[in-house]
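Listed below are the structures to be examined.
You will see chain A twice below: alongside chain B first, and alongside chain C after that.
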Partner chain A sequence: MPPSSRIPPLLQPHVCLPRDDSILLLTSTLGASANWLITRFLGDALNLKSGADGGSEGAGRIEDGEGCNVLLVSWMREYEFWKQDCRKGVGVDLERGRREGRVVFVDGLSSLFLEEENPENNARTAVPVENAPAVRSVQSLPARGPAPGRMGGLPARGPPAAPTTTSPTTIRSGTTAPTSTSHNAGCYSLKSPNLAHLKTTITTALTHLTSASPARKTLLVIDNPDILLATNPALTHTSITSLLLSLHARPDVAHMLIHLQADTPLLGIHTPPQPLEVAQRNLLVKLAHMSRRVIGVRVLDTGVARDVSGVLRVTENDIGFAGLKAHGRGEDGGEGKRREMLYKVNGDGSVKVFERGAGGEG
Partner chain B sequence: MAFRKRNTALTRAPPSSSPTDPSSPTTNPPPTAEPAPSIPGVRPSPIDGRPTTSTGTFSLDSVLAGHAGLPLGTSMLIGEHGTTDYAGALLRFYAAEGVVQGHKVHVVGMPEAWGRELPGIAEDRGDKKREEAKERMKIAYRYERLGQFGAERERGALYIHANGTDDGEKTAVFCHTFDLLRRLELPVGSAVNYIPIPRTTSSPFAAILQNLQRQLASSPSDTIHRLVIPSLLSPALYPPQSSHPSSLLQFLHGLRALLRAYSTRLTALITLPLTLYPRNTGLVRWAEVLSDGVFELSPFAHSHLESLATSAGATKDEEKPQGMFAVHKLPIFHEKGGGGSGAEGLGEDMAFTVSRRKFIIAKFSLPPLEGDTEAQAEAGRDASGSAMPRKQDLEF
Partner chain C sequence: MAPASNMVQYQRHAIQLISRVLNLRTNASPFTLILDDLNQRCSPLLSEIIIRALSRKTNVVVVSFESARSHPSIHHIPAYGEYTGGQLLTSIEDSIKTTKESLVIIDSLHDLVHEKNIDMGALFNLVAMKYASTLIGVYHQDMLPIPNPINAYAPPTLDVLKFMATTILTCKSFAHVLAIKAARERSLPEPAHGLLQGAEGIVECLEANDPRGIVLEAEFRRKSGRPETETYFLRSSLESDYNAAIPGMTFGTLKHEFVVLLSQVPGYNNKVSEGAASAAEDDPESTFNLSLTEKQKAAREGVVLPYFDAQKGEGGEGGRILYDMGEEDDFDEEEDEI
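Let's look at the complex of A and B:
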């Protein structure tokens, strides 16, 4: 099945990346996760679609019509999950993409707040954060040279295949040890909630991508950066947004897809709100204003239904934050501006998107 | 003739296969079932074959989106309103199941007395359950029954071998029935690791996580671990600064990382007093986002008069629900987007009943008792008006 057909037709125009560089925002709530939607974006970006087909927006988005590179930063979910979800949901092999240098995963889960037990690794993480990334980038530079040659071989496949097998200890040392960047190409991990560290890691990962395939631009997917805000009181929403903006301003980054939690309790509706809630709300509102498109998923307001997983709401923001330049407004008409649909994620990973009242049977 | 032929094949095949995978509930995925028999208390999920382990409560296992157990590498957060400790019963069953299965149980912030008071296996293994098993068996082995009468007894044995939920002597039991009045005899070795909550001025969780991590790293790779965290953030146990977002959420994030890193060896069950930390606060919501499964127990207000009144009338009082059981998030199921098979009861109003031997989660239905208006009003409030009272028993 061609990957494009895994994306429901109603959803297709909203999953297509816009023509010019933009920030897209995804929001999700407790009972309605947006993981399936992120994988749809990944599928669309990695999809080797010729420029001819697809929606009006999809046609001209990238000159060579080859999709984008993907840099996926996830603080909530591990690589294994994304790999499986992408394969099942949209039929995209992240592993292959990683070997081809099109996909880079930055792991913000495994060792963000979990220290290595291994004493020698302890010594490494004890290095001040300012120094550690520098060491890393130097280390990974020579690795990138031979990388394309050996990526097709077994070493690149070995460590990521490990999670399915029986020895978790080897996985841990494989994915979290700093040296893993050399033999585990395309996987980086964050070791501290420090923003400077995040920035250097993402920059290193981006250079890895551009060195492998310089022609393509990169879709930066940032999954739950709000966890940084929640767990680290020293951070402010301003520092996160300015970091995101500076990343977006890089010439090799085309689009940025940001996933945030938008549960009502997180946004501080009652008084007095907790500082945690204020920070989350500020970040969310700020990013929503900066975004070209906001897609929110939430559970049905009326309760749980057997044939509906949740509600998907798309809001296009034509004005845009960056330039106030006129985007092609006619391209998806007025009806695409604000739209609400229902969706149902099936057990096999496929998704059905339909209008309210159109029925979700089958 | 056709029946007879089919019959002989059926009776012959299972005994030969049962020694190799006694704990497999389904017959179709032999490759995925392969690693399961070596580890007691672990069986592949009937949905996707991922390894699951029992929570020690049959009816809680059944709620978990068709996986029929808690998938390894996931956590559950059970919040409870009020001052009762119904969730504690779930924790005890979970821990006791772990001890019985030979899993390593880690308990945070509880003295050794807690472990000594774990419920023991119910000696009388529930005739009712057996009846039910037979009932299901009738459907599965209907054709065989038609063909051969003499196989009656053997069929029972077969069933035990194939399913493993019944109490066969040598076969693995996935979920035991525990009796809250009995005491579990702990094995001589230290089956339970009591992790103390350090009295530090900084976050107490770092030490807990380190302790757990050390235990995981030092144990052999086929040991299953269970983490039990009773009354997380309760001021009776935890220092005040632990409820600061940076310490709690960092801990939960670290725990999530640990669960994912040991995704075939670790599960966790956490209870949280919701009266102290309401669900509409950002902190609790983040904790829920970071957990894989989220459940909420809302016990009904207990009234002595009422229990007296009903006990006089009928024998039904032991089945009277003691509170509402809300499912907010299920492991794996919601992570994938919240859909698909297995979560049939998700939208229903669920109620729980705790008795000496079991913790039953069933669809909530209002009993037609006239003296019960108070409970009805209570239930109506809890169910926020969307209740469709129906007399339907959800005993699995």
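Let's look at the complex of A and C:
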């Protein structure tokens, strides 16, 4: 089965990236995970060539038809999960993309809060660390790369029991992440919830992508940046949106897909309002104001059903002034782009998307 | 409402008021506050104002907290970046001091006030007083106010902004306005829309940002201090609304004003269009099907009732009951013998 056909036809127009550079917002709730949707986006971005003849809906594709690079930043899942999910769900080999320099993964989960002084104690996440020259600076955060002995092979991440070839040593690197030539894995990891560190890491990763394939633009997928709000009370929603926008302002970044949680307990307002509620809600609302397309998944309103996993709602908006023209606002963002569908994620990773009442079994 | 001698005069006056604001007439409104939310974003309104401004060679400056991309004709200040409040004011001044007439748009006053700590008074002085330009600020109503840690008794930002503004435009989705009107006419509770309404996880309504147009609740503060409030409908613009752009310009000028009072909109006034949406709610709820199919309706229409027959030429066939036997009828002889 060609990978593009793994994306259900009803979903296809909503997963394919808009023509203009834009920000897309994806929201999910605790009961309805949006990971399957993120992998569909990844699949569509990486597989544009094979999907180009997949119908008229492909009109909104990137101009050169080459697809785009993908930079995936995830705070909730590790690389192994995304690799398997992509292979199962859309038949995309992230590993190959990483070797070809089309995919870069930034890991915000494995070592975000590790004590950097005694990494030996944390055998569970013992990862080989590149022997970069030690530079001390304000952003003293270790960066990680593959061990010298494992160049080009699988990343030494994932299963906790993976034997490591070198004893892990933590090297403090400066604000510039490692640029040595041995760093070709396309895997970076975040060591601190600090925004400056995040920006440095993503910028380095972007540079890595651009140097590998300069012709293609990049889709930046940011999975659950709201974790930062919860883990670092000093952050405001504005600092996160500022960071995202300054990344989006880079010419090599075409689209951004941002995944946030929209659970009521995170947004619901108590009196007096709790700081996290205010921050999360303002972040969500502001990003929604900034986004061209808002896709939300939630559980079925009427309860649990065997053949339905949840509800998918897509709303498309014309925002910003980049495409300012004297007519037709709302013509292309019209009725066809605002709809609600049901979906069912099967055990084998495949997904069915169907209209209400159309039935999932058929 | 203005005391107008007749309806036409009143409408003309009201359209004139909003038209002066949209076309940025001098001194029409130095500081316009636009209130929007996710149910109806202000971008159609802002685009309309920007196009009209650009078509008249006004220098348009957008102080942007929400977008990294912009149109080449617009002077875009990326305020989301590392600017401090003072630097931001300086760059705004740099961008407007060379031109005679400018329009400064702040796309998020919430960020401007809370994050950059810019005093609205200072900005207003700079733009409206010093350079006699127009200031338009957008405030998203669904953003939560951030409590002031230093002075707990300070008034909320939005109240200060509302106090300062010379015109306040509140954006509403046309579909929601129709739904609220329909509910009011039936004395039903008005529906609520938006974040956290309905089910968990809903961020945006499906009827939000109606592509037909945008409803504006406007409050104009006259120089005398007298406020006037009206509700308008700004439909989405068409290419035919504008003249062709002359060489060297990006946009052509407006041919004729197309913003109307909401009460003039046919879809809002007549009951048929909205009745279709709510007709289903009027039927009593029952497990029986009380409606007729088309075939049943046609059969019912075809029945000739006795009194129609009596009105024919020579009076029909008297007072007899005319009855044609159907094939399923069973002729009862005894009945005639009575």
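Operating definition for what follows: the second predicted complex is superposed on the first by the 266 of 362 C-alpha atoms of A that agree within 3 Å, B and C clash if a C-alpha of one lies under 4 Å from a C-alpha of the other, contacts with A are read in each partner's own complex, and residues count from 1 in each chain.
Keep this in mind: a contact is a pair of C-beta atoms (placed from the backbone, for glycine too) under 8 Å apart; a residue touches a chain by one contact, two chains touch by 3 or more.
Model, not experiment: these values are computed from the prediction.
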Next item on the list: Identify the partner contact of A:V285: answer first if only chain B is touched, second if only chain C is, both if each is, neither if none is.
Entry: second
Margin query: Per the contact definition in the header, classify A:G268: touching chain B only (first), chain C only (second), both, or neither.
Written below: both
Check: If you stack the two complexes on chain A, which partner ends up touching A:A230: first (chain B), second (chain C), both, or neither?
Finding: first
Next item on the list: Classify the contacts of A:A32 with the two partner chains as first (chain B alone), second (chain C alone), both, or neither.
Entry: both
Margin query: After overlaying the two complexes on chain A, where does the chain B footprint on chain A coincide with the chain C footprint?
Written below: 32, 263-264, 267-269, 273, 277, 299
Checklist line | Complex contact set, residues of chain A against chain C | finding: 20-21, 25, 27-29, 32, 236, 238, 241-242, 245-246, 248-249, 262-264, 267-269, 273, 277-278, 281-282, 284-286, 288-290, 294, 296-299, 301, 311, 313, 315, 317-324, 326-331, 333-335, 338-340
Next item on the list: Mind listing the chain B positions that touch chain A in their complex?
Entry: 35, 47, 209-210, 213-214, 217, 221-222, 244-246, 249-251, 253-254, 256-258, 260-265, 279-286, 288-290, 294, 328-329, 334-342, 344, 346-347, 386
Check: Once bound in the complex, which stretches of chain A touch chain B?
Finding: 30-33, 35-36, 75-78, 80-81, 85, 109-115, 117, 163, 166-169, 171-172, 227, 230-233, 261, 263-270, 273-274, 276-277, 280, 299, 302-306, 309-310, 344-349, 351
Item checked: For the chain C and chain A complex, residues of the former touching the latter -> 38, 41, 43-44, 46-47, 50-51, 62, 65-71, 73-74, 78, 80-81, 108, 111, 114-115, 140, 142-144, 146-147, 195-196, 198-206, 208-212, 236-242, 245, 251-252
